[in-house]
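Two complexes come next, and they have one chain in common, subunit A, joined by subunit B in the first and subunit C in the second.
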Partner chain A sequence: MKFIIKILKDFPAYLWSGWGAIASIFLFIALWDVGNQVYGNLVLPSPLETFQTLFVMLQDDSLLAEIKTTLYRASVGFGISLLFGSLLGLFAGFFVTASIMSRPIVTILVGMPPIAWIVLAMIWFGMGDETVIFTVIVASFPIIFVGALQGTRTLDGDLKEMAKSFKLPWHMKFLDVYFPHIFSYVFPAWVSALGMSWKIVVMAELLATSDGIGASLAVARSQLDTPAALALVVIMIGSLMFIEYIILEPIKREVELWRN
Partner chain B sequence: MEKLEVKGLNHSFGFTKILKDIDFTLQKGEVLSIVGPSGGGKTTLLHLCANLLDVEEGKVTNTFRSSAFAFQDARLLPWKNVIDNISLGLLAYGCKKNVATQQSKEIAIRFGLEEDDFDKFPKDLSGGMRQRVSFARALVVKPSLLFLDEPFSALDIGLKKELQSILINMIDKKEISILFITHDLMEAIRLSDKILLLKADPGHVVKKFSYDMPQKDRDDKYVYAQSAKILQDEEIIDTFELELK
Partner chain C sequence: MSQIEEKSHATNHYLYYPDEKNIPPYLAYGFRPIFLVLAPYMLISMLLWGLVLGGFLHLEFLGDTLTWHIYEMLFGLITAGILAFLATGLPELFPGLIPLVGKRLKHIVILWLLGRISFWFIDITGIYLTAFLNLAMLGWVIWFGKDAVLDKLQRHASIGYAAVALFIIEVWFFASQLGFAITSGMDILKVALGAIVVLVLLALRRVNMEAINEILEDKNIDDVFISRPPKTNLAIFTVIVFTIVEFLYPQNSALAWIGFACGAAILGITSEYKLENKFILNQPYVIYLASIYALLSIGYALMAWDLLNPDINGINHFRHFITSGGIGLSYIAVMLIITWAHTGRHITANIYTHLMVFFIIFATFMRGLIPFFEEYTNELYLYSSIIWSIPFAIYIKQYYKFLLNPRADGIKG
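On to the complex of A and B.
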């Protein structure tokens, strides 16, 4: 509780430090506008046109429904990965045999291109929610699993010994000695897995479903509607940036205050 | 009567014998040093006595009410501030949080830490400060037996003397018993009632020395004189390989 209050208290200062980021985003938009002036509206619509399209699209309930569908698929997939990746990773980390055995499997999972998973999932599950959710799980699970595994594998033996010498009861050992260390590995893994899920969900939708942001993107492509395609991209990037910079980064800062 | 008794202790890592036939008794209020060259099994012996390693052969009986361990390196929890690190041992004993914090603050002041430092994380402390915190963490639980694993070896002379005089005060009041390992003979002579000389390969006790003068009355002159005397001892010369070849 104290922790949450501290995060909220430091939040305005954190936001204030964001001017640099905003300046660089505006610079990027300026470059985008230059691109528009060079290549014309069909290839690269101007930022203004894109944001106008976005505004019109957001008035439309059907787009909100598409976003909801995508959000649902991404969160279910990511949630399952988060739960099982963290638990299995922790578990594997505590046993040498399990961590040695799981490494090649993780390499296979990471090495396999997501597009290949989509094709397999389409054969196994057909066109629908399951295919997308499955792909999100396979893509984000190994990231979280490896993070949790690393966290438990790298626990400091000296600190364990110290905990033993002070006869810390098990709950203190876990909360004060193991958890902060493991969390400092698992949390960044969650963040990158979330980014991965958000990208994969759109890709899987584009190929395997008839609804969701990905499917809308496919429609925009077939109608050569570049402003709509860009507006959808803006939605995706905007939501990712919101989650990462407004929600996760402040938490990360507080959690990792003790780090060098 | 509280005491630590070690009888017929042997220990091996794999096929390498580390300790052979160690026998000694540490009585309440006593300071016992184990000196010897590095790699002679001193740390292993201390870990066996402190129950950080399982005894394989022989017997270690510890009837002391409570014990604490100060390590060679500070071993603070990097994600906890100074006060939370110090109060760790108290909380483990079931002390209430606010009582533990209060006691930790008091001892921190006594160990030369300032109030500005209380909220700092270990990464923002100097090496000497970290060692102070580590010492405070071990002593705040008022242990009846203290295990010291060369805790002074990385400190400057001033801080070394400061921490030693805190210990000497406690020894004088018979508040504490200490099992102390070191490779520094002067340090051992300043603090100990008894010194055991541990020779390597495998570690075994070759000689015992006793010092009767109360620690509080030992001045530099006494320590230097005794050090000079002990350095003439043949077993010491042999164990530390002091002979010029």
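On to the complex of A and C.
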């Protein structure tokens, strides 16, 4: 509880410190505008036109439904990866044998291109939710697994020894000794896996389904509607930035405070 | 020596004080005579501009009153500002430097005044004399501050470079007015404004640190305020990009996004006011200084918004958030801080300082938001300039006695 209050207390200052980041985003948008002036509206619509299209699209209920569908698929896929990836990774980290065994498998999973997974999933599950969710899981699971594995593998032996000799109760041992260290590995892995899930879900939808943001993107492409396509991209990037910078980053800062 | 270099508060002192005999208090340190003439000059010039722009006083200004009005409000005032800042700050930033006092100080202030007189009589005396006096003044100030640029560690060199850039822009302006350059005077003045904003941001970073740490120490607050360069540098970078793009492509839509970037980057500097342990945003001087950034930021953001919006044509009105607002308030804030701290007193906030800051902000909103209240345009022009002048009248009433008397703590200067 104290932890959450601390995050909330520091939140306004954290939010206010983001102006510099906003400035660099605006500079990037200025470059985008220059790109529009050089290549024309068909190739790269202007930022203003894109934002206006986005505004109109957001008034439309059908788009909100598409966003919901995508969000559902990404969350389920990511949630399963998060749960199993973290648990299995921790488990593998505690046992060297399990770690040795799992490493090559993870390499295979990471090495396989997501697009190949999509093709296989389409054959296995057909055109629907399962294909997308499955692809999200196989793409994000290895990232979380490796993070959790590294976290437990790198635990400081001296600290373990100390906890043992002081006869710390198990919950203190876990919360005060192991958790902060493991979390500092697992959390960044969660963040990158989330980013991966969000990208993969759209790609899978674009190829394998008839609904969701990815499918809308496919429609925009077939109609050469570049403003709509870019508006969808803005939605994806905007939501990812919201989750990463507004929700996850403040937690990460508090969790990693002990490093200083 | 090392102790003096380590401390960085406004109560630092020079190592040497010139042994000139019988220096009157008003010439005992750089800022004193400058503020003594700057405050009334602000009042008198606002009155004169009111009369000229209202058509009551017929001064031709070579047929281009607006351009010359902007020239004077930018260059006429900034040279005094730079002189006050350098003459007061440099001997403390570089303790080996001998302060500018006595006769030398008197001469340079007279040179500034001659520059002002030649400006108001430009229709009679001609551009050459005004150009010579004003360029000589700025050139001399840069020469005085050369140690900052030549400093091996380059700690404050950026201020020197910005001042040199301003000098070159002023030469360019006079060249264009004399027909040696084809660029319009107004376009050059917009470039000058960019350079002045850069200079203000550079100076403010130092003023912030000196003043806020001084206040923290006075109030026994056990924390340190450190303003690190990256945030200011980002703001300066965006302002430079905006200024260059505005000069080359004044109507380009990309300029709008750069304007928003300027607004965000400048506002971002205020996040430095969050200290490790103590909350200082309730300190009046922190609010005054933060308001400068806020006004500059609003100015750039509104200009950006104007560029994206074809229905509004108020970019030059919105620019007043930068000129009358940000730069005007930085004059007031710096005058207050220097006058308190460098006359041997604690930096104090009271009803007068609150009012001075409030009037500048209020007048800026009146002037800057004219596009939204077009039916009251004339009234807003008039009243905003009157309200904007009040702080300088308050300064004369409240602080002249500080400037005309020796330091309260008995130290020379």
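By our rule, the second predicted complex is superposed on the first by the 259 of 260 C-alpha atoms of A that agree within 3 Å, B and C clash if a C-alpha of one lies under 4 Å from a C-alpha of the other, contacts with A are read in each partner's own complex, and residues count from 1 in each chain.
Quick note on the criterion: a contact is a pair of C-beta atoms (placed from the backbone, for glycine too) under 8 Å apart; a residue touches a chain by one contact, two chains touch by 3 or more.
Since the structure is predicted, the reported quantities are computational estimates derived from the model, not experimental observations.
Asker: Should the pairing of subunit B and subunit C on subunit A count as a clash or a fit in the superposition?
Answerer: Once both complexes are aligned on subunit A, subunit B and subunit C fit side by side.
Asker: Once the shared chain is lined up, is A:13 touching subunit B (first), subunit C (second), both, or neither of them?
Answerer: Touch status of A:13: second partner only.
Asker: Touch check for A:59: first (subunit B), second (subunit C), both, or neither?
Answerer: The answer is neither, since A:59 touches no partner chain.
Asker: If you stack the two complexes on chain A, which partner ends up touching A:177: first (subunit B), second (subunit C), both, or neither?
Answerer: After superposition on chain A, A:177 lies in contact with subunit B alone.
Asker: Does the superposition put A:169 against subunit B (first), subunit C (second), both, or neither?
Answerer: The answer is first: A:169 touches subunit B but not subunit C.
Asker: Output check: A:222 vs subunit B and subunit C. Expected answer is one of first, second, both, neither. What do you get?
Answerer: neither
Asker: Taking the superposition as given, does A:97 touch the first partner, subunit B, the second, subunit C, both, or neither?
Answerer: Neither subunit B nor subunit C is touched by A:97.
Asker: Using the touch definition from the top, say if A:161 reaches subunit B (first), subunit C (second), both or neither.
Answerer: After superposition on chain A, A:161 lies in contact with subunit B alone.
Asker: For the superposed model, what is the least distance in angstrom between any CA atom of subunit B and any CA atom of subunit C?
Answerer: Least C-alpha distance: 11 Å.
Asker: Touching subunit B in the complex: which residues of subunit A?
Answerer: Those in contact with subunit B are residues 158-159, 161-162, 164-169, 172, 176-177, 180-181, 184, 257-260.
Asker: Show which residues of subunit A lie in contact with subunit C when the two form their complex.
Answerer: Those residues of subunit A that touch subunit C are 13, 16-20, 22-24, 26-27, 29-34, 37, 46-48.
Asker: Note which residues of subunit C are touching subunit A in the complex, please.
Answerer: 230-231, 234-235, 238, 241, 252-258, 260-262, 264-265, 267-268, 270-271, 274, 308
Asker: Using the touch rule from the top, collect the residues of subunit B that touch subunit A in their complex.
Answerer: For subunit B paired with subunit A, touching residues are 50, 52, 68-69, 71, 73, 75, 77-80, 88-89, 91-92, 121-123, 137, 141, 147.
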